[in-house]
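A short write-up of the structure that comes next.
Lettered A, B, C, D, E and F in written order, each chain numbered from 1.
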Amino acid sequence: MSMTPVEIPIIPKIRKNAILTFLSRGTRVDERSFDSPREINIKTDLIPNANGSSYVELGKTKVLAGIKVEPGTPFPDTPQEGNLIVSVEFLPHASPVFEPGPPDERAVELARIIDRSLRDVRAIDLSKMVITPGRKVWNIFIDIYVVDYDGNMIDASSIATMLALLTAKIPKVSTTETGEIIISEEKSENIPVKKKVVTATIAKITDENTGNKYYIADPSLEEEMIADTLVTIAFSEDGLITGMQKSGLSSIHSDDIPKILNMSRKLAEKYLAKINEYITLKTSTTPSI
Amino acid sequence: MSMTPVEIPIIPKIRKNAILTFLSRGTRVDERSFDSPREINIKTDLIPNANGSSYVELGKTKVLAGIKVEPGTPFPDTPQEGNLIVSVEFLPHASPVFEPGPPDERAVELARIIDRSLRDVRAIDLSKMVITPGRKVWNIFIDIYVVDYDGNMIDASSIATMLALLTAKIPKVSTTETGEIIISEEKSENIPVKKKVVTATIAKITDENTGNKYYIADPSLEEEMIADTLVTIAFSEDGLITGMQKSGLSSIHSDDIPKILNMSRKLAEKYLAKINEYITLKTSTTPSI
Amino acid sequence: MSMTPVEIPIIPKIRKNAILTFLSRGTRVDERSFDSPREINIKTDLIPNANGSSYVELGKTKVLAGIKVEPGTPFPDTPQEGNLIVSVEFLPHASPVFEPGPPDERAVELARIIDRSLRDVRAIDLSKMVITPGRKVWNIFIDIYVVDYDGNMIDASSIATMLALLTAKIPKVSTTETGEIIISEEKSENIPVKKKVVTATIAKITDENTGNKYYIADPSLEEEMIADTLVTIAFSEDGLITGMQKSGLSSIHSDDIPKILNMSRKLAEKYLAKINEYITLKTSTTPSI
Amino acid sequence: MGILKPGIKLFTDEGLRIDGRRPDQLRPIKIEVGVLKNADGSAYVEYGNTKILAAVYGPRDPGARHILLPNRATLRCRYHMAPFSTHERKSPAPSRREIELSKVIREALEPAVIVEAFPRTVIDIFIEVLNADGGTRTAGVTAASLALADAGIPMRDLVAGVAVGKVQGILVLDENEQEDMYGEADLPVAAMPTLREITLLQLNGVLTEEEFYKALELAWQGINQIYKLQKEALKKRYAGAEEEE
Amino acid sequence: MGILKPGIKLFTDEGLRIDGRRPDQLRPIKIEVGVLKNADGSAYVEYGNTKILAAVYGPRDPGARHILLPNRATLRCRYHMAPFSTHERKSPAPSRREIELSKVIREALEPAVIVEAFPRTVIDIFIEVLNADGGTRTAGVTAASLALADAGIPMRDLVAGVAVGKVQGILVLDENEQEDMYGEADLPVAAMPTLREITLLQLNGVLTEEEFYKALELAWQGINQIYKLQKEALKKRYAGAEEEE
Amino acid sequence: MGILKPGIKLFTDEGLRIDGRRPDQLRPIKIEVGVLKNADGSAYVEYGNTKILAAVYGPRDPGARHILLPNRATLRCRYHMAPFSTHERKSPAPSRREIELSKVIREALEPAVIVEAFPRTVIDIFIEVLNADGGTRTAGVTAASLALADAGIPMRDLVAGVAVGKVQGILVLDENEQEDMYGEADLPVAAMPTLREITLLQLNGVLTEEEFYKALELAWQGINQIYKLQKEALKKRYAGAEEEE
């Protein structure tokens, strides 16, 4: 059963008022503009036992994504494709309200948002992740670890996922003349990422006294605690909408949709620029074989 | 662990006294005689995705039974037989005391009572539910949903099960000249029901003041709440006893067994008559192929 | 999550003082010397459906061990070996603080201590437990039931395990001339126990008033309740150390290690002597075939 | 979704859909309110062959005190599919999809319920998919909002939901399962129609911005029609003209 | 049950059973009371190779207050089979069969325990099948009722149980597992013998009405014999003649 | 452990190990304290490629009252491996090994924490293995004890841990996974170095008594070195010279 959250950490009234006051003046308590994300820091390749890994700080929110690529069996309805399996764990390290145990509904929802953002737009060419057609394919396990929670886990997870995918290495598979399959010892192949995709999350904050509504990009934890609704929209680098999710206890007025869509598109572009910057730098500094 | 029920909805004392007063006069608070079941309403074929389905109202108790027939593997000790798997879910819709989650002991018991009533008397000819002997057989999944709980779930479930079985359609299996097995696209075959079977439940109510014991057929919820013991007996249409279960917190005096057995046999006959009436009507109004 | 135990049965202060007073005089409240185990009683072969079984009383601690040997699949990394699977259940019968349900951390730890004590020293020659190399091997399931808990479950379990292994009978496997594998109907083969192994547990009791530390062998339940630390050391009959585990809420001073090691070695020798005595007696009284 | 099978034809030459509908046409919709005896509120809803039974218990006092909130009611919601509701039998254990949809549906109903009216209570919402043929979450929201109303729980507005699909390049209202399976996008939407507040919005699949706005407009058309049917069903129930099923 | 194997012969030409018994004969029965140190009450029972260990804790105060009843004790009962008790190793997780039998056995004991004597307490009954050779539920009831008595819990009467089988057309008392497996019916019965009150009654398999009455009569014969053995075992325990095992 | 593969060579002709270390040499050790924002205390520790993130919350008031102790804090500890931390992906559900190690690590920390200072509270210790290359439990203890210190919880001493292996007959300090896998014994040890009190002691594998004493001595050498690094990391953290990672 899904239940109205009852264990939300409470924000002091004075802090809440400060946030609202800043918003009423057109800026934010951490001096960001409404449409600016927090600072982004990136590391990759930090987990030797993973095929790919990334560590992303979005402000003080910290996410670690690890990818394992292992031989598996195709699903009956997609015999010619590899499998993508996305899981999310809220580490108990990350927040006083996270408890160890099986993923709760928020973690399940987050995993499914990331999964959907990638799947139908075919961000990964799963048809290239086949070892023996119909029999053996690659399972791509993406495990997302929220390590420190300071708001907007979705976008931090999405960025980390994309970076882990872009930097992952998997074994080369080749076929001998006699048709035998050889999986190379060495990991040298990239995962075939055809399109970069990121989610971009906009929060709605309503000032109960004035009735004013504010839409802000990449909410921090204290902004999330005041926000009544989040809208997450996923975009591919060629501008398509590849997913959408409204969450939270309130609703969105139909007339506000275009504003949210524009804000989230711009936010996604910033995230994508950051990803591209990191990958370009990494590629240029890594000697090619 | 099985535990004395502690969450039974409580019946008002005045109502309890009313029920006992009626019983002492030889009738029941809803004007039934001791051996009469409540009104029975039946619908079938309401779940397009199921192979068979039925909806039974026994008074205000409502049960939905759905049957799925799917290819499976035979059990090692019955390689020449299909499998019968009966499950019961008490929908949380059905009662303020039902909670969502895995089946509790009452649901497990109910499923096993229905299963046993059918199995040893070979109500279904499982030897006809074989696709490839020893390798592939039909799994018959009977899922019983208690939708509204107003007493005597067992009999309502048993009647619904029988009706779903009698109206289910499964694919025809044929063998080509070269021995290849062909499962037809179209569902046209019946499940081979050899004997109709129903359970019939008698409740024992003891008046603590007078010490009088009353045995009544098809108890309603408020009667069940006063009853200390239920005896459920299953009968096949040819009069054999095909199962039996005493439940509840009290016991049955040895001398009262014949009375209970006679009452339940008559009750089963009424249920069977109702099932036959429905099936006959349905068959006569459905154009044959 | 592992948690500081909060449901420990409490020992009366007066009894605690009695135990400490005895210790300060160099003896124990049950008149044992510091290095003596309690009386040991042994039965075997009491579970007809098991391949081997033993019942051990170590003082009033009672443990039943049952062994089932069944065909299984080898693990990929040990294709030429049978499998050993040790499980422990604290029967709710055994103590007011044991609850039915999946094994708690103490039961898991106990099972793993027993398993480790046997595994690396190759107490059982698992390479002889193969039916078809790489394909089919014997699974040896050791299920240890703690039936009555009066302290030192580890050693009682270890002794019971060894006795069940030594008395177990498994089917003979033979190969026909055509290479076919035949598993005999009759159980006549022994499990290939190459070395007897037992654990020996020493408890540390600290008198908070005097600061005195006492090390005692085979603690009873009331001694365990006062003890702050247990050290269990496993020995093979040829004197090797085959496992070690410190448990409990406190620590062991480095200088005390030799004392503990010597005490546990002597204790293990006593256990092994008891096992040998039982087995010798049994073998001499059982007519050979 | 997205499994393109070249042979499958989802439109006739006249532009009608496999079940004969125009692209902007809803399936036959059946709504009954107050179908159960024990529940405080209940509703049965069909969108074509998608069949939903919703029940509400509450506001009530649950066993567990720690889930109560001092200033509002706690909503609990379960979306569940019957084992026989799907093409292949579904395990009754809740899937990840059911866990997510229980949350999404709860959050689609939260904005409508006047939760401040019942502090320190729980309102339980149970949605059972009896037969699944596409659009189960939106039909579930439609049914649950009626069950809430039937339970006498005050609401800002009813919530009505419908999905819009993109199928072989064409936007279609209230797609069925086959359209969903072979389509390119599924946009489920639920809203409080009078307030024009969107309470559920998801997109599974790929749309251009232009397509998205058109799809949202189409969803509004459907929602408004369904809203009318919801109100009729409530009227019928409370006019006393009909006994419960 | 019901797997008829033509080759299997379950009676000798003299009409004796595979283990040499007459049809109306019990297996050798062994009963010991008070076999455990920690439990408030305990008993060990053998019906032939069916071996049961039962323990009782209570009346006691459980951690959880919400399961207490104001006017009586709450009974909790677990019937469980040891992994090594069966022909193929049984997973220790409770099966559906064990869940049902825990309930059936609890309800076989509830009528005997004077639960009114201990309001707001719990009585825990643990039944472990150490070796299974047919009749485990009835032997479990027999053992548990002795463990309750050993715990000093006041009872209306002891409860004794036994099963009657129909095997190749013949009614047999206290059937073993092989007879059960190849038999046509199994009728486990438990009762308070002095009161002639039946507390457990199940039928698995098929009987005519006539057969049922005969089988019930045969069960009573067995129950009365077992009842005598129960009383002897209690006497032996409390005569102090025997130390605990 | 113990899978002897004849072809595998774990020492060079010069007696160096596969990663170039001498037998008595630790791997490069990296320690950072205070790496997380939300946790009350945290630490990140690397022993070569073994990478651990530890966090501490508390002393705090848990939801559940029944786990509180009147005279001391209740410690809770979870040792868990990330799915991507191992050669083959690990299921996130806790394994029996993780259950045991959570207990063993808790009991390695209990003696150091001055639990009497915080009656009726809980201290939660979370240890996550991000990458596993041998010695995860001892590195976990080292990290957790720093996270406790970082949370300001008073301790008798820090706890430092390291494992000693016996590999092809040679005792080696701080063995990596490959050495562990092909070695004959693994002796993880943790201690409060100043007090010379051993708080964790396990042996997996086979040692003679003489080997055991030598191995324990070698462990002490490693523990003392790690202890020095722990104190430096704490100093660096509280000198304020470094911002959190």
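Rule of thumb we're sticking to: a residue touches a chain if its C-beta (ideal position, glycine included) is under 8 Å from a C-beta of that chain, and two chains touch if they have at least 3 such contacts.
The model shown is predicted, which means the values in this text are computed figures rather than measured ones.
Visitor: Just to be sure I understand: going only through chains that touch, what's the smallest number of steps from subunit B to subunit E?
Guide: 1
Visitor: Of all chains present, which has the mean Cα position farthest from that of subunit E?
Guide: Most remote chain from subunit E, centroid-wise, comes out as A.
Visitor: Could you tell me which chain lies farthest from subunit B when each chain's centre is the average position of its Cα atoms?
Guide: Taking each chain's C-alpha mean as its centre, the farthest from subunit B is F.
Visitor: State, to the nearest whole Å, the distance from the C-alpha centre of subunit B to the C-alpha centre of subunit F.
Guide: For subunit B versus subunit F, the centre distance works out to 58 Å.
Visitor: Per the centroid of Cα atoms for each chain, what is the distance between subunit A and subunit D, given in Å?
Guide: 27
Visitor: If you average the Cα atoms of subunit E and of subunit F to get two centres, how far apart are those centres in Å?
Guide: 51
Visitor: Counting only Cα atoms for the centres, state how far subunit B is from subunit C in Å.
Guide: 49
Visitor: Going through subunit D residue by residue, note those that touch at least 2 other chains and give them in order.
Guide: 66, 78, 124
Visitor: Spell out, as numbers or ranges, the residues of subunit A touching 2 or more other chains.
Guide: Touching at least two other chains: 1, 100.
Visitor: For a quick check of the interface rule, what order do the chains take around the ring, beginning at subunit C and passing next to subunit F?
Guide: Cycle of chains, anchored at subunit C and oriented toward subunit F: C, F, A, D, B, E.
Visitor: How about subunit C: which of its residues touch subunit E in the complex?
Guide: It comes out as residues 46-50, 53, 60, 62, 64, 66-68, 70, 87, 89, 91-96, 100, 102, 141, 143, 145, 147-150.
Visitor: Spell out the residues on subunit F that touch subunit A in their complex, using ranges where they run on.
Guide: 36-39, 42, 49, 51, 53-55, 57, 60, 78, 80, 82-89, 92-93, 124, 126, 128, 130-133
Visitor: Considering the complex alone, what residue numbers of subunit D touch subunit A?
Guide: Counting only subunit D, the residues touching subunit A are 1-3, 66-69, 72-78, 96-97, 99-100, 102-107, 110-111, 115, 124, 184-185, 187, 191-192, 195-209, 212-213, 216, 220.
Visitor: Quick check: in the complex, which residue numbers of subunit B touch subunit E?
Guide: Answer in residue numbers: 1-4, 6, 77-78, 105-106, 108-109, 111-112, 116, 119-122, 231, 233, 236, 239-255, 257-258, 261, 265.
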